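The letters A, B, C, D and E name the chains in turn, as written, and every chain counts its residues from 1.
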Amino acid sequence: ETITFAFSDDDPNYIATMEKLVDQFEAENKDITVNFVTAGYAQMMEQLPLQLSVGKGPDVAKITATDLLRYTADLRPYMKDPDGFAKLHGKSLELIRTPGTAPDKIGGYVASQTLNQPFVNVTLFEQAGVPLPAKGATLTEIVDASVKVAKATGVEIPFTMDRSGHRFAGPAFSYGAHFLKDGQLIFPDDAAKRYIADLYKWSQSGAFPKEMWGAAGGTRYKNMGDEFANGNVVTYLAGNWMVNPFIAKIGDAFDWTAIDPPCGDAGCVPMPGSTFVVAFQHTKAPEAAARLIEYLGSEKVQREIAEQFLILTGAQIDNPHYKTDSANAKSSMEAFARNVANVPEEARTIERTQGASAVYGSIVQRMSQLIVGELTLEEAYAQLAADAKGANVELAKYAAAAK
Amino acid sequence: MRVVEMPMAALQRLLGAARMPYVFILPNMVLFTIFVFVPVGLAIAYAFTGGTNLLIWDRPFVGLENFKALLDCGSYLTPSTCRYNLFWTAVHNTWWYTLLNTLGTLFFALVTALVLNRLTRGRGFFRAVFFYPVLLSPVVVGLIWQWFLAREGLLNSFLMEWFDTRIIFLLEVAWSRIWVVYVSIWFHMGFFMLIILAGLQAIPRDIYEAAEIDGTSQWRQFWCLTLPLLMPNLLVVTVLLLIRSVQVFDEAWVLTNGGGPGTANTFIVQFIYQTAFSPDLRLYGLASAASVLMGIALLLLTLSQLWLAKKAQV
Amino acid sequence: MIAFLTRTRHPGRFDLSDWLAWGWAILGTLVVAIPIAWAVISSLKTEAEINSFPPALVPRAAQTITVEGQAKPLSVWIRTAPDGSEQTVALVRRVGLSATVLDPTKPEETFRVPVAELRQLKEFHLQFSNYTEPMKQFNFLRYLWNTVFVTVVATILTLLLNSMAAFALSKYRFAGRNAMFALILSTMMIPLSVIMVPAFMVIVGLNLADNLWGVILSTVSTPTGVFLLRQYMLTIPDDLIEAARVDAASEFRIYRRIVLPLCAPALAVLAIFSVIWRWNDFLWPLIVLSSPENYTLQIGLSALQGQFNVQWHYILAMTVVTLLPVTVVFLFLQKYITEGVASSGVK
Amino acid sequence: MTAISMKDLRKSYGSLEVIHGIDIEVQSGEFIALVGPSGCGKSTLLRMISGLEPISAGQMSFDDQRVNDLSPAQRQIAMVFQSYALYPHMSVRKNLSFGLENLRMEKAEINRRVDAAAKMLAIDGYLDRKPKALSGGQRQRVAIGRAIVRQPRVFLFDEPLSNLDAKLRVQTRSEITKLHKQLKTTMIYVTHDQVEAMTMAQKIVVLNKGKVEQIGRPLDLFERPANLFVAGFIGSPRMNIYPGKVVSSGGDGVTLDSPHLGRFTVPGMDADVQAGSDVAIGLRPSHLKLRPTTPGTGGGTMVVEQVESMGHETFVYGRTSQSDELTIVHVPGHFEAETGTTLAFTFDPAFAHLFSAADGRSLKGARI
Amino acid sequence: MTAISMKDLRKSYGSLEVIHGIDIEVQSGEFIALVGPSGCGKSTLLRMISGLEPISAGQMSFDDQRVNDLSPAQRQIAMVFQSYALYPHMSVRKNLSFGLENLRMEKAEINRRVDAAAKMLAIDGYLDRKPKALSGGQRQRVAIGRAIVRQPRVFLFDEPLSNLDAKLRVQTRSEITKLHKQLKTTMIYVTHDQVEAMTMAQKIVVLNKGKVEQIGRPLDLFERPANLFVAGFIGSPRMNIYPGKVVSSGGDGVTLDSPHLGRFTVPGMDADVQAGSDVAIGLRPSHLKLRPTTPGTGGGTMVVEQVESMGHETFVYGRTSQSDELTIVHVPGHFEAETGTTLAFTFDPAFAHLFSAADGRSLKGARI
């Protein structure tokens, strides 16, 4: 039997390792041939949905978009040891299940869990003589400290985050905002408005330079990692997937670390995200797919990956020994690891909700307009609310059509 | 070729020479039908359906609802009063872009063609140079210029050197619009320049000699001879420019990181693309409706162009 | 000013308007060339150099030195001591504001100095790894072969089918001719990004998904090509075709032996355009093709552009790679292209 | 060596009929010229013979075989186009051999024929050149060569000389005549130049507005044009035409009166005329005498408008009283006259042509 | 009414000299024709006169004023181009008035002039049409009209008739002649057709390879061509040339011997010739007699190759023994002869032209 496995990652070493793992799997399962496919991120975003909607595409793939989860197959009947697998991956399997599917469905496994937390340029803080923000610092405190550092060291960007609704969401939760109420998207509520007003204020004062979100349009994702790696940024809100790239990119140019997520009225929320390795319904060889997933999701493989690439896997790996000699990376990973437990259920729910991406898109779009001055604060609130309402209407139609 | 010639000759004996044109046009038409007409038909059909499902047979028929939604507007001049204000912002942006790009390209292409027509030496070289950007892919053009205009790009390093200041070009609304137009002129000018140059070279030299004998000033030669005789070429150029301008997408999208700052460079095709391909909520019906509206507008624009030209000629 | 430029004047005289014309041409050349040249130069810089500001004109890289007792080569810096004296040092490690350095002449002795006292030494360096690295990361030859295959086959088919259609549309009178021509032309108004989804459904329906032929066949019949060739064929005298008919040539033979050779300039133009289009195609192959053995170069390259990192050094290098074949083709055929576009573009 | 017979041929483009029923019989091996003013349908008729233009009505036969529905190739005709229509991308040799290759002829036979034709036309030195590298006259010969090699049943020429300059035209004219003498193939030759027709053809068909005006030997047309149209068309410079009236019609001739020519008696009528009827009197410029050697009985005066002397011959243009049309007199050798002077001219009435003023029909021809 | 004087005019393109020092004096009001074979520099010379082409060396004066550096407009010339060069996008009226508008002339005056010119040329019916909608002859007249309205000092014509068909050419020829008679403006007329030059111009300049071969009245050129080139160029059909030798040279003439013509004595030489020197003997076709009325003393025989009968005149082409060139005989009226028969011809030695075989210089002209 032949199955296709589409895999994409930013880290070429990760891809190479994955390929090796697949080779091993093939060696152990002579009756199965795995077509290992590497694809770009854009490809996964644009091509897979189209293909899946017409029942085409790879049998197994690593995906990031939650709206593709509805195409996943239930592998439980084809697995050798579904219960062991479920036990190892625990609650993370929940993330793969879409509403209306079997409560014990195993569609694959969570390849990585991500948490959004700020990175800081430690060297700059040291040079400015400003202490690193302590645990429990609010976003305002973090930004203020960053501004001080920037002033003292002449760096241009005190604070930034990737141009992404997902990145935006973590602090929003800590401000006490809600995205969902009674299954309806509601955004922005009063807490969200306060957060938006703060961001706007910072963008105008230069604490969160306009260019970061403004010099782009639409819902386009824009990564600020290079700016941080080049030493232009004091504090950068990103996530654990950046640790590995930073080790290489920053080298010994300066010291850096991740710090705890900013706190607010509703706590200190590290926004969670996930990538999944799943099998799709249209596969003609569900058994082979199940075997591959079982192999890749096994404790041994997951531990190897986690330790080598500093990844927080969905599988529960105890005491991972991260293989890096970078003190910056180690301290960062610790910062992430100690916050896994702080993820509120609501943050996980919104990730899986249909329409969340639409709201994220609308946030990016409207925030940019606000920042470059196309909208006033009030107008931005109104537009966001209208967008959410529109999404609710369309989703209702979709639900109706599905029935 | 024998292999093809024999059956074709047999076909001709079978059908008669009069039916051979159909044989010649058939393969092209078949592919055209399959890969263009059918999808266009489907796209039009989509415009009348709703929901987020991609498969057309899974989509509910909604009549004119998508069109109504798009056209639901307080005032078409103020996009923020519209239900889909992004669409109308895009319409406004496209309109301005089309105007500036058409006029700008026309101007630069005309002047360059006049200059090259004048040069007695080096014409081939300059013609090649000006045409070269046409060969690049839009993505490459967008990337090169983004790289050139970046905060730490070459242009800013000159500004720093000379004026001790720098401009984040793609953050300022006015600058970014200017650059988008500039880059498309840079990109496409050579193509239109060639068409105009061909027109210039087709004007018989002796007409200018006759004009010189008639004592015509150079200025008058330009206005009374060159420009009117160039009209057919200028018309073609204008129509092509209009069509392309309204369809602007790739290079502007890459250059401005998706139409920024804010919505300053969000154009209609981007709206369509974004609406159809946004994760999670693919409003394909709405996107199709927008394309249909755009197609109609283009058709009207082109026809009115041709009509005006015809009227001017009589 | 335009009035100066209305036409070529007598050769041999050089007046103000000539100066203006040359000025314009040369300025325009710079405007065209500088961004491209800059991209090409930058593609040979190291990642650090690319991001440094202000940018340097020549590609440079940090100067390194191999020092006894150190595993890796060390970068070379100039240290300006507080007393103003200068000293060449090699950087061992850097932590925060201070750095551990050594004097290359006395490799055993390391000492700490503030980073502010150091200035890095750079030397001319072409970073070819910007080209080789990404090529290692994917199956470059395979992608190249696929791209060449798609480009060549699609171009040949485009030339063949479009010229046949153009022949029918220009040299015969038959029912439906004008309607077909208008229909073909009207599709020029449709941006293809808009019909991509239904077009993909058609591809799937024909079972051509993830098949190079799906990319090829769907791009073969171009309205531009038909239009361009038809306009050119209109200039071929009907007499020739009738002469061939009298000479007992079949209609296909007339097409093959008379019309095709005579269209060579227009065919060359279309060939160039077709090569450029197919070579630069990205979005459509991206949707149609899914297995790596079918990837084209552009898709392969796009895989470089990850979700998180804008790797300018790779992107620029790969941009240059995609530019190269087009540039080479253009250099060899530029006369054909520019003159062909001119002669067949409008008539 | 094919006889062609056309019976009531008609051609319509849509509802517009441009050929209105034409009957022509061409003998095997004959050299026929089709002449007529521009737009009269010469090319159309030729193309109908060739098979390039479908026949709307009537019948076309080659050697008694109906060919209406045969293609040009099946009719085995060869055609020389006004524009030559040489294949510009092929060498001369290839141009000549293309038609034969289409017939799947053997290589050796093709080469034999091409070489023979090239030799005959003295183009064997240029066989490897492209048409572009040939002069007008050489191209012309290649076009003829392409027709020859096919050894067709009928040669068709559509104004083959009109693209050549005067000198070359004279030369090629005689070459085509020679060719016909050698090959003895039926040839149909379209021209609007009556000098060509006169000097080359054995029989001339005069067409006008899609109808045949007259068919006959060149000198017959010159001596006895069937009507005013042919009289005006054949002969250069054209015949002078004057209005006149029949005074009396008797056994030995007809007495005419014309305001321009006075009263004179014409012998030997071809048709009956009534006294008192209006006629048109035609006189060729070479039959008018300004320096009479033998005094003619008819004559008039004219005011000189222009004198064109070519050295060995002179044309004097003058205006008789009350006349809109110029009278042209052909004087051999050199002749001088001031514009505005009045000259007397005489003619021999035997040379006068008479036409019915009502329908232009010829009443009397003239010996030359 | 302007006299033009050219002194040692030269023109070079780069290092290539194409006009090698030309001296011509044109009287005020004269009609001059520039003739010569293709590429001899006619157009170039005309364009130098017009001011379109800069003069490399020498002096050009209009009425004794040096104009070398004046623009065409300043020279006040008007030019009619071979291609007409009408402004295709302007109506006929606009075409005519365009040059006047350039001069800021008053509307009323412009209209007056345009209407007058249009009337004179009979194009007043087409004033609102575009050139595309005109026939060749009409376009020709518009081009002339455009020149007329400007009331120039000099009219220049560059082969203005070569795009017209034969009939129209004859007609337009006489119109231009008439125009010159009316306007009496100096006119310079380029043509490569010697018939045009002969019938229109008062003086002909024969150019060859950028040099003047002869300047003179048309009949002078015909009667006494200065050299073999002019002899061959002027006269249609061209002069027959035979090689010969001077047997003796005496007071009453020169006795010549030619393998083609036998021995005969020519009276009245223009230049001295030595006995024994080689000469070329020129005889015009119209001076050869096949049906001798008065027997000439010279004569020969030829084998007929072709006979072209035009009705009122016939050209017989034949070959004398040992000759590569055809002998052409012009016979008035109709004449018939079979190809291949041998005919004797005679001539009056007084009509023979003699040229030096060495340099082509004329030794003796002929009365016609």
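Simple rule for what comes next: contacts are C-beta pairs under 8 Å (C-beta built on N, C-alpha and C of every residue); 3 or more make two chains touch, one makes a residue touch a chain.
Bear in mind that the values here come from a model prediction, so they are computed numbers and not experimental data.
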Smallest number of contact steps required from subunit A to reach subunit C: 1
Closest chain to global C-alpha mean, per-chain Cα centroids: B
Interface with the most contact pairs, given as the two chains involved: B-C
Approximate Å spacing (C-alpha centroids) for the pair subunit A, subunit E: 93
Gap in Å, rounded to a whole number, between the CA centres of subunit C and subunit B: 19
Gap in Å, rounded to a whole number, between the CA centres of subunit E and subunit C: 62
Length of the line joining the C-alpha centres of subunit C and subunit D, rounded to whole Å: 64
Sequence positions of subunit C contacting 2 or more other chains: 51, 197, 201, 250, 253, 312
Junction residues of subunit B - those touching two or more other chains: 17, 54-55, 217, 225
For subunit E, residues contacting two or more additional chains: none
Residues of subunit C that touch subunit D when the two form their complex: 237, 239-240, 242-250, 253, 257-258, 261-262, 264
Partner subunit C, residues of subunit B touching it in the complex: 1, 4-5, 8-9, 12, 17-18, 20-22, 24-25, 27-29, 31-32, 34-43, 46, 54-56, 111-112, 114-120, 122, 124, 126-133, 135-140, 143-145, 147-148, 152-154, 156-157, 160-161, 186, 191, 194-195, 197-201, 205, 208, 217-219, 221-222, 225-226, 232-233, 236, 243, 247, 249, 269, 272-273, 276, 284, 287-288, 291, 294-295, 298-299, 302
Partner subunit A, residues of subunit B touching it in the complex: 50-55, 58-60, 80, 83, 85-86, 151, 168, 170-171, 173, 176, 256-266, 270, 274, 277-283
Subunit D partner contacts - residues on subunit E that touch it in the complex: 165-166, 170, 173-174, 177-178, 181, 193, 195, 198-199, 218-219, 222-223, 234-237, 284-287, 305-306, 308-313, 317, 330, 332-334, 339, 368
Residues of subunit C defined as touching subunit B within the complex: 2-9, 11, 17-18, 20-22, 24-25, 28-29, 31-36, 38-39, 42, 51-55, 161-162, 164-165, 167-169, 171-172, 174, 177, 180, 183-184, 186-191, 193-195, 197-199, 201-202, 206, 217-221, 226, 250-253, 255-256, 276, 279-280, 282, 298, 312, 315-316, 319, 322-323, 326-327, 330, 334-335, 337-338, 341-343, 345-346
